[in-house]
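Order of writing sets the labels: A, B, C and D. Residues in every chain begin at 1.
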Amino acid sequence: MDPCRFAYAFSVRLHDTDAAGRMFFGHLFRHAHDAYEAFMTQVGLPLERLIREGEILLPLVHAEADYQRPLCQGDRARIALAIAEIRTRSFAVAYRFETQDGTLAATAKTVHLQINRDGSPASSLSAEIRDAILPYLHEDRPQ
Amino acid sequence: MDPCRFAYAFSVRLHDTDAAGRMFFGHLFRHAHDAYEAFMTQVGLPLERLIREGEILLPLVHAEADYQRPLCQGDRARIALAIAEIRTRSFAVAYRFETQDGTLAATAKTVHLQINRDGSPASSLSAEIRDAILPYLHEDRPQ
Amino acid sequence: MDPCRFAYAFSVRLHDTDAAGRMFFGHLFRHAHDAYEAFMTQVGLPLERLIREGEILLPLVHAEADYQRPLCQGDRARIALAIAEIRTRSFAVAYRFETQDGTLAATAKTVHLQINRDGSPASSLSAEIRDAILPYLHEDRPQ
Amino acid sequence: MDPCRFAYAFSVRLHDTDAAGRMFFGHLFRHAHDAYEAFMTQVGLPLERLIREGEILLPLVHAEADYQRPLCQGDRARIALAIAEIRTRSFAVAYRFETQDGTLAATAKTVHLQINRDGSPASSLSAEIRDAILPYLHEDRPQ
């Protein structure tokens, strides 16, 4: 994989699936965020520190996913994560879910907005955030 | 509320929140789908019957949400559900999440594609589906 | 139902089930805690207030469940909640899960320990807690 | 670790925690079952095969947990899994949750009953199950 993408692997577990026999769509976002947490730790911004310090708040303001093929219990899946866009006070993270044989299962995107302690949007992304995520910026979706 | 929208109420529970003190974004989709399940039962198409019979399969092919204000434990929330679009072999459901005082907390959309048993897209939505959801069609998002 | 038990109803949703077609066992505890949150609100001790004020901390120290019959998507279930035991610094909550026709599906129990801000066990349950839950005390499990 | 225990590692993620800042108690069972699924795959009995074939059905009939210390977002945790008991038609699995520094965070137990396709208890555990789990039998809880 492109070294400028962050890789995250997981297994689809029984509780991820539903009575229709496939992963419940909403659980995809849980796995996407797991990859995002691992990514943030990797780039030196572990969420537990951000939440504890309370200086940099990055709530999600948008999330979306497109589902190409079902994921089933026992599947080993891989997420390729990249930064899709950096704007003045927000950034977008793109996720590509593949099964072990490289088949595309889904894509997803989350948008994170930096806010102040009072909940108002920050004037701009902190330099610490920008510098940490910039190496993973890809203008288009991860391939 | 507009009688042509389907209303669904829920309370934000402790397990919906995370250490940042607000609803974890991914759980919004769980509540959206709860509303969709209640809606489908209301219009005579309970999912448990569709899954058991296996004739009409409607997997989600897209989901998205925009988050305006945090939902917190103890909040009583209301979802207004409407059909946003009916296409040849798919339909879109729009959700508007409000807190008890009418404040908009989030909007969401899910797109459901009718497929055949072999996984290929159906030639068209079944008449049973179309007729059931048509009364809830609103060309734009629920207000 | 015995007026000294607290009743809570819910529907089994698609995300509650797994590929084996029944409710995933771990989700039972989510519903039990939903009932407990509703109960605590009912008796004047909403968890959101306890967590916000931080004076009374009641972490779970034990949880258990016995599963008699599967719950399936679309089932309407009912929980009868009672206080099973009040001890010096802890109390136990008992839950009885029934389907709509009165069939016993599962029983569960959770034990809540009052602790001080530093994490040590409190010398005793606060009078506010004891007084609020006492009317729901049943020495044995809810019938 | 004792080679006759099965080890499983995971990170506590944001969605595992709640507004009280610690892992929601019910999610412990999700992680315990993840470890059980990984264990069953390891011993040649992947659940996806059992569910697909439908010959060996092993629903949970009991689950319990004792919580010693909170798990928080970002914690790396380890589960040591062992078979606690093998009976005529059921077996018990014991789980010990530790943080990275070896501190005990929780213990849990699940009991799995073999049933026939009609839901009645099997006359006995299948030899395939018994032989697969026997090497992991420890009469008492994992240390």
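Miscellaneous remarks
By definition in this document, a residue touches a chain if its C-beta (ideal position, glycine included) is under 8 Å from a C-beta of that chain, and two chains touch if they have at least 3 such contacts.
Here the structure is a predicted model, which is why all the values come from computation and not from measurement.
Distance from the centre of chain C peaks at A, each centre being the average of the chain's Cα atoms. If each chain is reduced to the centroid of its CA atoms, chain A and chain C end up 34 Å from each other.
If each chain is reduced to the centroid of its CA atoms, chain A and chain D end up 29 Å from each other. Residues of chain B found to touch two or more other chains are 14-15, 19-20, 22, 24, 26-27, 30, 33, 48, 51, 72-73. Because contacts link each chain to all the remaining chains, their graph is best described as complete.
If you check the complex, the residues on chain C that touch chain D are 19-20, 22, 24-27, 29-30, 32-33, 48, 51, 59-67, 70, 110.
On chain A, the positions that touch chain C within their shared complex are 14-15, 17-22, 24, 26-27, 72-73.
Remark: chain A residues 11, 13-15, 30, 33-34, 37-38, 41, 46-48, 51, 72-74 touch chain D in the complex.
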